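Heads up: the structure comes next, in structure tokens.
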Amino acid sequence: MKLSKVECIIKPFKLEEVKEALTHFGISGLTVYEVRGFGRQRGHKEIYRGTEYKVDFIPKLKIELLVTADQVDDVVDVVVNAAKTGAIGDGKVYVTPIESLVRIRTGEKDIDAL
Amino acid sequence: MKLSKVECIIKPFKLEEVKEALTHFGISGLTVYEVRGFGRQRGHKEIYRGTEYKVDFIPKLKIELLVTADQVDDVVDVVVNAAKTGAIGDGKVYVTPIESLVRIRTGEKDIDAL
Amino acid sequence: MKLSKVECIIKPFKLEEVKEALTHFGISGLTVYEVRGFGRQRGHKEIYRGTEYKVDFIPKLKIELLVTADQVDDVVDVVVNAAKTGAIGDGKVYVTPIESLVRIRTGEKDIDAL
Amino acid sequence: MKSNGMMGLTGRLFRSRALLGAAALLLMAGAAWAQEEAGPSAEQFSLNNLLLLLSGALVFWMHAGFACVESGLTQAKNTVNILSKNVIIVCLGGVSYFIIGFGLMYPGEFNHWIGFGGSGFGPVSPEDYGDYTIFTDFFFQAVFAATAATIISGAVAERIKFASFIVVALLFVTFIYPIAGSWVWGGGWLTDLGFKDFAGSTVVHSIGGWAALTGAVILGPRRGKYTADGIRPIVGHSMPLATIGVFILFLGWFGFNGGSVLAMDSGAVSMVYVTTFLAGCAGGIGAMLASWIVLRKPDITMILNGILAGLVGITAGADTIAPWPSLAVGAIAGVIVVFSVVTLDRIKVDDPVGAISVHLVCGVWGTLAVGIFSFNPDHGFLTQLIGIVAIGVFVLVTSTLAWLALKHSPLGLRVSEEEEVNGLDTYEHGLEAYPEFKSTTGIL
Amino acid sequence: MKSNGMMGLTGRLFRSRALLGAAALLLMAGAAWAQEEAGPSAEQFSLNNLLLLLSGALVFWMHAGFACVESGLTQAKNTVNILSKNVIIVCLGGVSYFIIGFGLMYPGEFNHWIGFGGSGFGPVSPEDYGDYTIFTDFFFQAVFAATAATIISGAVAERIKFASFIVVALLFVTFIYPIAGSWVWGGGWLTDLGFKDFAGSTVVHSIGGWAALTGAVILGPRRGKYTADGIRPIVGHSMPLATIGVFILFLGWFGFNGGSVLAMDSGAVSMVYVTTFLAGCAGGIGAMLASWIVLRKPDITMILNGILAGLVGITAGADTIAPWPSLAVGAIAGVIVVFSVVTLDRIKVDDPVGAISVHLVCGVWGTLAVGIFSFNPDHGFLTQLIGIVAIGVFVLVTSTLAWLALKHSPLGLRVSEEEEVNGLDTYEHGLEAYPEFKSTTGIL
Amino acid sequence: MKSNGMMGLTGRLFRSRALLGAAALLLMAGAAWAQEEAGPSAEQFSLNNLLLLLSGALVFWMHAGFACVESGLTQAKNTVNILSKNVIIVCLGGVSYFIIGFGLMYPGEFNHWIGFGGSGFGPVSPEDYGDYTIFTDFFFQAVFAATAATIISGAVAERIKFASFIVVALLFVTFIYPIAGSWVWGGGWLTDLGFKDFAGSTVVHSIGGWAALTGAVILGPRRGKYTADGIRPIVGHSMPLATIGVFILFLGWFGFNGGSVLAMDSGAVSMVYVTTFLAGCAGGIGAMLASWIVLRKPDITMILNGILAGLVGITAGADTIAPWPSLAVGAIAGVIVVFSVVTLDRIKVDDPVGAISVHLVCGVWGTLAVGIFSFNPDHGFLTQLIGIVAIGVFVLVTSTLAWLALKHSPLGLRVSEEEEVNGLDTYEHGLEAYPEFKSTTGIL
């Protein structure tokens, strides 16, 4: 079966909820990146020693999930539901195809490596 | 329309310039990762308490941009122009296809989610 | 020739070995991300001021390699061999296709940009 | 103003007299005290001032310790807030104590409940003031006062508005602390009763601790700390900061207790150094063992709290509890603090740094310990209990009123959910504690 | 050599005499001073030495404070550089002051403009030297000297070559500071004039500040600070470091000012402690209010600068400005520093840590404040102004020459663009301050 | 118990007598010492106590310095472990020295090889004890003892089990250090021989250093340090921490050496301050130059080690080496330490923080330096050598036995490979030093 990579940019304080929703759903693992980003939500102004400046980049987390192609839609739903606050800056979920996967420990391939 | 992910490894001090060029071009958002890498540029030697050692990994930033397929070429040009110093280690820009995209806040899909 | 992106989640202390194996193999560069993840290996319990809690996320490194399609299998093998400890949590290697690549410094494209 | 000084001294003499009596009993007071009644010799006067000024400087230094402990044991996103509170409280405390607190705490002749001796002090003859100059007296007292206010800061951390904290801390250091303090050290009714609190297990630590308790309760816990699934620890962001802070506080305590002898009486001061040192050490050991046995790991935050617990514990009787029993006082405090921290969490009182356990609980323990271990037969358990309760009730009531008044004022007490989640630093201070992308320092 | 010691003392006596006169006026000097003229009693002599040695140790400690403040308020990529500068300047300052500076600053009998009393000191009778031993004298003066050099370090941070900084700092601490210092404290022409600078608002802080100003101007701003779009702040990388630094400096200031009484005169020393404490506190409050009102946020870096500003401000008159006016001196300094920081940025003088505003601007303010607030009628505004200008011109000229000479020497002054962008630590020191991949500590 | 106190004094008098003799020789002892034999005046007694108590507080403060240096120069993943070791060793050291060490080190009349004067101390007359109270004596000695144990901690860092370290450190501070110490400072056979070690280049630093050496050798190097390709440096995680630590230690050294005069003798104490200051400065300069020239970069970790090396170097003779030669002693120590660090790495003795080079190698150098530079003709190179060898052999043997016994006990000595690779903090302490995802502080 084909595999996909689901990447989710979320608000940091949502990590715990998203993780629990995904574990509950039954994903086998995930990887988290600390990132900073901007989009609609454009950062805020700060003042340092009298000078105003824009902090463009807002701390976000990226969650990366390897899943089988048939799980993708459900996984995306789970993340969207768990990560949503309704406020600007909630983030994105995007999916890319995976050509192959290997588990380092055992050498198992593709779906067996999940 | 199809979407693509443009990933750019750049020198950290170029972030501001690249960000401004991209904003000016009109991208809707971006995400930044702190990474370390090496390529042609192989790090430098340092000395710690009398022993010389090679610091292989040089701090870089990765910028990740989700754009429509027809924007890809222009975006790559914008980044290449803004990030170029002409010196070794300037970095790479590479493009991967995206299967789908969702905006967490609204559930909008694909191009609407940008 | 087509290019691929090989992503490897490994145990942090294996970085040096993997890097050396890859350099020896002849890859032209790589990029490292600091990440945290979980899978089979589920983190550990810690106690803070009397309360037990689970630290789910274990520090890992992600190595990202751009290689030509015909190198992929060998590169994966090299990484798997160098990164393996045989213990749970050794990580994954997965491959995604790349549409295009540019070297910022020179504007060289695709395989020339490696 | 001069008479105020002289009167202020009256109160303080109760401290040194009680001390001298006790010390004399066991330490066979020699030539040094003979001169006491007639006023100290010129050199003894200088020695007293030197001791108190340097001790005061060490007590001042404790504020750096509080700043480090509190920021180390809280999250990085609130660090600028914590640091700002600790820095500004010293500044505000010093000035307000000069204008009001000092006159309120040492009012001279007064009704033994409340009195005011005037603001600041004018030109007075330093030599006529007593065992040390009025400047020395003020300085040593002022750094104590600010300390008491700082205790509150940790317990209400990560959720209180900066401006609101400033208001409450100011009320506290200007009115609540000095009035309660005047009862014990200013010649008030607890002095009359024979209540013994050498350097402030109750007067400084418990008073601060009671206000910390009411604040923590009225504010409520930090979001996400107590969930349906149980307690979710919110881990402090830097153990080196917390550890440095405790070393600073331990060092400062030699000034806190050693200076509270209020005279360079070698026997008393040096015994106080020893009991303080041993109790602090025993507190650390007690907490390590308790956390290792009960919690299965030697939790460094507990060891650090344990050291402070031992120090708070010995503070009431550092001059009248002998070295061997001081080990017991400290070790018990170290064990108490571990159980207190756990218990407060069970009853959902959220105290990020353990301030209530260290300062209130062990402050009470230390004050009672005088009734148990003092070698001065005048010190009674019951008197100690009365003092603890009286001061506890007073501070509970007044601080609750202060917190509630502010809560219902337009200013309010607690930051918004958004601010709490994203960190107080960005919202209230417009600055992060560690603002760098580690690698983009090339441009930032 | 012994006579050098004795002569060095002559100069220093001007300080203590002026002090004593003023203090006596208001403080009704008692028995302690009666012995002064005949030489102190054995115990008074010991007391003086003890005060000065411990005060000197506290002043030494200020170097840790400078290191923390400067590294906290600059970028992580230059941290090893800043730390190295601060560490080595103490070492070099101490040794060079021993060999040259001390003899230049306290030359004994001299033409009141410049003189040299010799290198180091041989075996002398400590008792015959005066109010304290020559060793004590040297130690206390040497830690002061290194302080003055450290002030420069912050203003030129993040762009100066390590070797070049060492050369200029050495020239400064070896020649510029001691010569200007000899005019005021060494019995020179400004002593004769009645110029009053108790502990060095001008002699230490402004002197350092002038050299910092010329350095910052000649070096030019850091790349990217002033752009076509306006000022782009370069945010300091660690607020805890900066805050700890200010606490250290505040503590050290009790030694700086308290020790400058140069005798354990209880009235004077304790008053100095109080005025120093109050001015520092008021400085912090003034800066907080100014930044909150004018800049809309209580900027912690401004509060920290404000505390230092208040301390610098009171330093010239800590012994002759009474406690109430010391509040004014400090608060005004705190407000001044906020506006000065903003103004320097407007005129594109890039001072990463605010050293010029704190030490130069508030040093000038403090020296003038003596002319306004001193309770000693001998202190005149005009005399103060003359001293400020004279020393200002001297240091401006000499330090400019030093900076320019170095700039046009083969060594050069400023690092390359590449080095500045990537950080001085990697290039000049071959080591990063925080070198770890956080998670790969398994292998690194 | 009292007699124990009196006897303990006997031993200590050797130190002050030796000192006084030497100082008198060159410093023309004045009125102050005349009273010595008849017992000090009341004020002199107070002065002595004040000096020793404050000096002891400064020595206590050195533990904060060790904690900072050691955690700064090791990896983040082992930071909680290092901090815990440093904190608990003070606590355990203080208590065990009270119960056993003090009585063993100052046993009173004894066979000059080993004796025990009893546990703790009961109520004694502080005035009858000697030049200072028994409390003062104990406090000053206890903080020294804990220091010696802390030296070991750095050399065995990042691989030793927490519990095993505690056991060895306790054995060391309770038995090995006091017994060896009694030979030199307790009136033992090395005192008789005329061996001179003013404040402990050998007694504190080398003793700690020998135990550090045996520990580092028996434990073996950290994994990955010495590979087939050569040495792979394991870089310390925070240079600011390391630098702050050295400033703390330098400050503490004024108490360490200054207090070791054991009396407020102005000439001696102030000279000790000067020689200590100059040697520390010269050590930093020496190491900077050596590392710049030989290693091509001014390595800040070498500068920091160099300062400590200079301080360790002057410690044996701070009171009998004049200021000029103290510069030489320090500078040579600074150069030695650079070569020693490099050499130890060559022979694969893995000492993460340079403790062996600083404390052992420069401790030996400092003790020999007395034989070379002392102005007291009684001090001979040979006697110094005998003392060094005797104590070296004793500590080598006993500490080796202790390490080996523990290694072969069920407890074991070294953590598992897994633990070492992933960091001791998670396994042994269940807590990371910097536990935050920087950006998820919203939930953690």
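Which chain is which? They are A, B, C, D, E and F, in the order written, and residues in each are numbered from 1.
In the analysis below, a contact is a pair of C-beta atoms (placed from the backbone, for glycine too) under 8 Å apart; a residue touches a chain by one contact, two chains touch by 3 or more.
Quantities reported herein were computed from a predicted structural model and do not represent experimental measurements.
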Listed pair (B-F, A-E or B-E) duplicating the C-F contact set, over half by residue number: B-E
Selected interface, B-E versus A-E, where C-beta contact pairs are more numerous: A-E
Distance from the mean Cα position of subunit C to that of subunit A, given in whole angstrom: 18
Cα-centroid distance, subunit E relative to subunit F, in whole angstrom: 32
Separation of mean Cα positions, subunit D and subunit A [Å, integer]: 46
Subunit C-subunit E separation of Cα centroids, rounded to whole Å: 52
Shared interface positions of subunit A, touching two or more other chains: 13, 32-34, 36, 47-48, 57, 60, 96-97
Residues within subunit F bordering two or more other chains: 43, 47, 50, 54, 235, 238, 244, 296-297, 299, 301, 421-422, 430-431, 434, 437-438, 441-443
Subunit E-facing residues of subunit F, complex: 26-28, 30-32, 41, 43-44, 47, 50-51, 54, 58, 75-77, 224, 234-240, 243-244, 246-248, 250-251, 254, 258, 264-267, 269-271, 273-274, 277-278, 280-285, 288, 296-301, 303-304, 307, 322-324, 327, 375, 421-423, 434
Of all residues in subunit D, those that touch subunit E in their complex: 42-43, 45-50, 53-54, 56-57, 60-61, 63-64, 67-68, 71, 79-80, 83-84, 86-88, 90-95, 98, 120-121, 123, 125-127, 132-133, 135-136, 138-139, 142-143, 162, 238, 241, 244, 428-436, 438, 441-444
In the complex, subunit B residues that touch subunit C: 4, 8-10, 33-40, 56-57, 60, 62, 72, 76, 79-80, 83-97
Interfacial residue positions of subunit D with respect to subunit C in the complex: 230-233, 235, 291, 295-297, 299, 301-302, 338, 341-342, 345, 354
Complex contact set, residues of subunit D against subunit A: 421-422, 426, 430-431, 437
